[in-house]
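The structure appears below as structure tokens.
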Amino acid sequence: MTFDTTLIISQLFNGLVWGIVLGLLAMGLTIIFGMMGVINFAHGALYLVGAYSAYTSIMACTQWMGAATGSFWIALVAAPIAVGLIGMVVEFFLLRRMYEREIIYQFLLTFGLTLVIQELVTIIWGGMPRSFPTPDLLQGVVDLGFMLYPKYRLFVLILTPLIMLAVWLLLVKTRYGAIIRAGTEDRDMVNLLGINVRRVFTVVFSIGAAMAGLAGVLAGPIIGSIQPDLGNSVLLASFVVVVVGGLGSFTGAIAGAILVGLVKAVTSMLWAEASNAIVFALMAVVLVFMPQGLLGKR
Amino acid sequence: MALLKTTKLLKYFGSLACVYYVDLEFEEGRIYSIIGPNGAGKTSLLNLISGHLAPSSGEITFRDRKIDGLESSQVSQLGIGRSFQLNNLFPALSVFENVRLAVQSRHPGRYNFFSNIGAYREVNEKADAIVDKIGLSPSSAKQAQYLSHGDKRLLEIGIALATDPALLLMDEPTSGMAPEETVMMLGFIRKLALEHTIIFIEHKMNIVMSISDQVIVMNQGRVIATGTPAAVQADPEVRRAYLGGID
Amino acid sequence: MKSVLRFLKDPFVVIAMVSIVFPFVFPFTDLATEMLIFGLLAVAFNLMLGYTGLLSFGHAALFGTGAYTMGILLVRFQVNIFLGMLASAGMAAAIALLIGWISIRRHGIYFAMLTLAFNEVFYFTLTQFRDLTGGEDGLRGIYRPDLVAGPASLSVQEPMRFYFFVLFIFLLSLLAMRRITGSPMGSVFKAIRENENRAESVGYKCRYYKIVAFVFSGFFAGLAGALFCIYIKYVSLSFCHWSLSGEVIIMALLGGIGSLYGPLIGAALVTLMQDILAGMWERWLLLLGIIFIIFVMFFQGGVWSGIEALSSRLFRKPEKKEIPA
Amino acid sequence: MLQVEAIHSYYGESYVVQGISMVLKEGEILTLLGRNGAGKTTTLRSIVGLKPPRRGKIVFMGREITRMKPFEVARLGIAMVPEERRIFSSLTVEENLKIGIQKGRVGRWTLESVQKLFPILRERRHHRGNQLSGGEQQILAIARALMGNPKFLILDEPSEGLAPLIIKLIAETIKSLSTEGMTILLVEQNVEMTLQIAHRHYVLDQGKIIYSDTNEGLKNNREIRDRYLSV
């Protein structure tokens, strides 16, 4: 009996960890949508790039410095920066020309981008799965008193909310954050106040992209092995999260992520194959009965 | 019997009442104008009548039939036509197609999905007649988005007319028009009044005073006066709330 | 002479003529057949995006429904081919009705998300009925039946014959969709695309019309699925995967969503690229993605509007867009 | 200070500004009058770079700004208070003001001095933009423009839809800003108000300037007022 409860609790914890990683992705999506009105279909691809660039950075560090000490921590910083830069390039050369167009076209542009990025990843890293190492420091398990739980997952469970909090504070408490929020409402007016809105948008998109990249790094050791179709399922899941939580709402994204993570954990205990479909069914139900999502505005 | 009647009509947006206990009666065959400063609740009142908004409480009856809570398509089918303050057209369709769509909405053929649209003679003829009536025959084949502003305003009304409304709601039909166009529009509204009951929102006082039978003055969601143009102009509360600072 | 010329200016006639001659010029008959089938799917899809303004991410489910229905009817009941196709299209229309009835309540991107969600749920449902669908292994044992109508029968095993059979169905469907878009109801679809609120204000219950558009679209998408099933003699879960929905969107946009025929060109191009490039380079999707991005950004009208502009120059039609005063 | 030389601007396909020229001197209050659709707002949008003219030239303090982006124009010291105020409704009053700050442009106006000028902005500093009345929004919009310490202030119909008392307050503010040396370009429908504060007027009709005169001149010209400006 005790064995069963431990199993259930650890499954719920897994759901929570997964949910919080999704939450990070969803928050990136939300920032991009909330600030720029763009539904970023390429978010999953950016997550993919995050995971792969972290992988490469870990391998490279290991090669140079011998032992794998610290290499994960370098990747944890380097990969989001790399992905953020990619986001910057994408915004600057592609998305920027699309703001005047209907939202569907921005959606389609990022959809095409997904194809391109995913293929590029396959070309660069090959189609075979690659195993993603867990950092030495976080190997093994911790005794939580009521159960043993992998150190790394616990680490993710603690670190991710801190990052979310930091981003949230940046957006809500600083003048730059106020500018970003103002930019979502009325670009022309912000421009008229002497602020280069285009640059603000570039920054916003690259922050959102970097968050997707970070989620990719953090997820690496959890999934253990990475392959080029990694982005797809995660993309769909994070869409579900933002829709369930309420498009454009931060708290909604986090609440939605945790809900989806837990639902997924519970269903994978009861009926594993159905867990994906049930998550989507959840989204459909929310959309039909609460079109603004759980915590959406308007 | 009043054609249209509102009883204790109330609409809240959040905690703000944009229409506050409005009781009005509209008789058939007259021209009513609604005036008031920005944010007085004029457009909201029109939206409540036309089914674009649902009231928070209160009742609207049209020919003794309760119409509050109906969808805008149902309200339209009952015989209330609506034109909008900002042009609300089918931009990539031609003038003729814009009007024909509205005519067709009253025709049983609208459910037909397998015959050529050109085969409905009476629909096409009526659409032509209305395009002619609003004076846009020369640009009948032009896409609505390429019309001049004044012509767009006319088409806006043409679409509303094409549904054969007994009651025509017009939101600032002359907004943004040049002086000569405004004069033409006035003549047009007078002509329409022979066949339709009209309620319209207007900012230009000389227009309001010259063509309305009844003027309704709103301020902060309330109706503060109703009556003939002369009576309303003389009303001290109206002068204070609305006319005061401007003239 | 003049009437002949006008006849030739009708895009439908041109398409019919080109596709009749095509297999004699183009050496890959099977590929040509595939182009027709996906062309039908893309045009069906565009009844929604191009004509009604609804972006569906669920057309893979409708295509798959058509294919599975056809496959199952063949394997289990050895059904008549025409009956089977009708049943497949009908089944897809029914699924479209179900998905549409719920999804249509939301607009824009929410609508797209809902159709995507239903596509996923549908996909999963198929994996669960393994006895019926063959699950992950796909449905096997499908054969291409002869065309049987009363006492007459005709074999379509030979590629060229099959091509013309598909072409027959294809042209029939195209004509039907042309009637639909040119009908009074078709004009309401366009009105919804242009300005749904105003359409509602003049008295159309738009929800109803949107569902009807979805059902029509589903019917022809299902038909395309059924044709694909007897073409490839196999049905797999990948037919229902949402990435196929994505591919259809790409086809439609590349060809141009502004006309009935544009998506045909897009479908033909994508199918061709898929076959030729995929043979040369495994990662051809990269090129497809880049081309797609370029079209989304710079060629809103797609290939078709380019062709139209060219042909109007050839026939010296007066400029379509009037110059405003 | 500002020279507009024969600018032509289009709105979509319609030819809205048909060769407008004007000159503004430092410290002066100039108005653009005319009916709806006369091209006033488009002229303003052309000046601040939101709608660059197709032809013509705009020079501000000796620098050509014709093709500059709006934020670059703003950084030179031109502030615009647009029609409908365009307050950021989800931001607080204080955040709205802070966004108006421009680094490198310091001067008389700071959060404190603006709040001193309009005490209501201090009282309501934690309210969101959408919780303000029309008059409060107009005040906030003006204050937000001042936060960037501009040399030249453009106001598009500041009195529109406001109560007489607020209109008076705004008119007085405009006047006192001008006595402190601010150059002001005002677009108005409310002719009475502009006659009380402006130095010179231009009257626009169908995209062209059809009349220009001093304040006294317009006051005495009944014909122009009746023909183009009567409410």
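Residue numbering begins at 1 within each chain, and the chains themselves are lettered A, B, C and D in the order written.
Everything that follows uses one rule, which is that contacts are C-beta pairs under 8 Å (C-beta built on N, C-alpha and C of every residue); 3 or more make two chains touch, one makes a residue touch a chain.
Worth saying up front: this structure is predicted, and the values here are computed from it rather than measured.
Visitor: Relative to chain D, which chain has the most distant C-alpha mean position?
Guide: C
Visitor: Pick the pair with more C-beta contacts: B-D or A-C?
Guide: If we tally the C-beta pairs in contact for B-D and A-C, the bigger total goes to A-C.
Visitor: When the centre of a chain is set as the mean of its C-alpha atoms, what distance in Å lies between chain B and chain D?
Guide: Roughly 33 Å separates the two chain centres.
Visitor: Whole-Å distance, chain C centre to chain D centre, using C-alpha means?
Guide: Computed value for the inter-centroid distance: 54 Å.
Visitor: For chain A and chain C, let me know how many angstrom lie between their CA-based centres, rounded off.
Guide: 34
Visitor: With chain centres defined as C-alpha means, what is the inter-centre distance between chain A and chain B in Å?
Guide: 49
Visitor: Indicate the residues of chain B shared as contacts by at least two other chains.
Guide: 146, 148
Visitor: Among the residues of chain D, which ones contact at least 2 other chains?
Guide: Residues 13-14 of chain D each touch two or more of the other chains.
Visitor: Quick check: in the complex, which residue numbers of chain D touch chain B?
Guide: By the definition above, chain D touches chain B via 13-14, 35-37, 134, 160-161, 163-165, 167, 190, 192, 206, 230-231.
Visitor: In their shared complex, at which residues does chain A touch chain C?
Guide: Touch residues, chain A against chain C: 39, 94, 97-98, 103-105, 107-109, 111-116, 118-120, 122-123, 232, 236, 239-240, 243, 247, 273-274, 276-277, 280-281, 283-284, 287-288, 291.
Visitor: In the complex, go through chain C and note every residue touching chain B.
Guide: Against chain B, the touching part of chain C is residues 176, 179-180, 182-188, 190-191, 194-195, 197-206, 212, 216, 321-322, 324-325.
Visitor: Give every residue of chain B touching chain D within the complex, in rising order.
Guide: 37-39, 146, 148-149, 175-179, 204-206, 244-247
Visitor: Quick check: in the complex, which residue numbers of chain D touch chain A?
Guide: Interface residues on the chain D side: 48, 50, 69-71, 74-75, 79-80, 82, 86, 88-91, 95-96, 98-102, 105, 144-145, 148.
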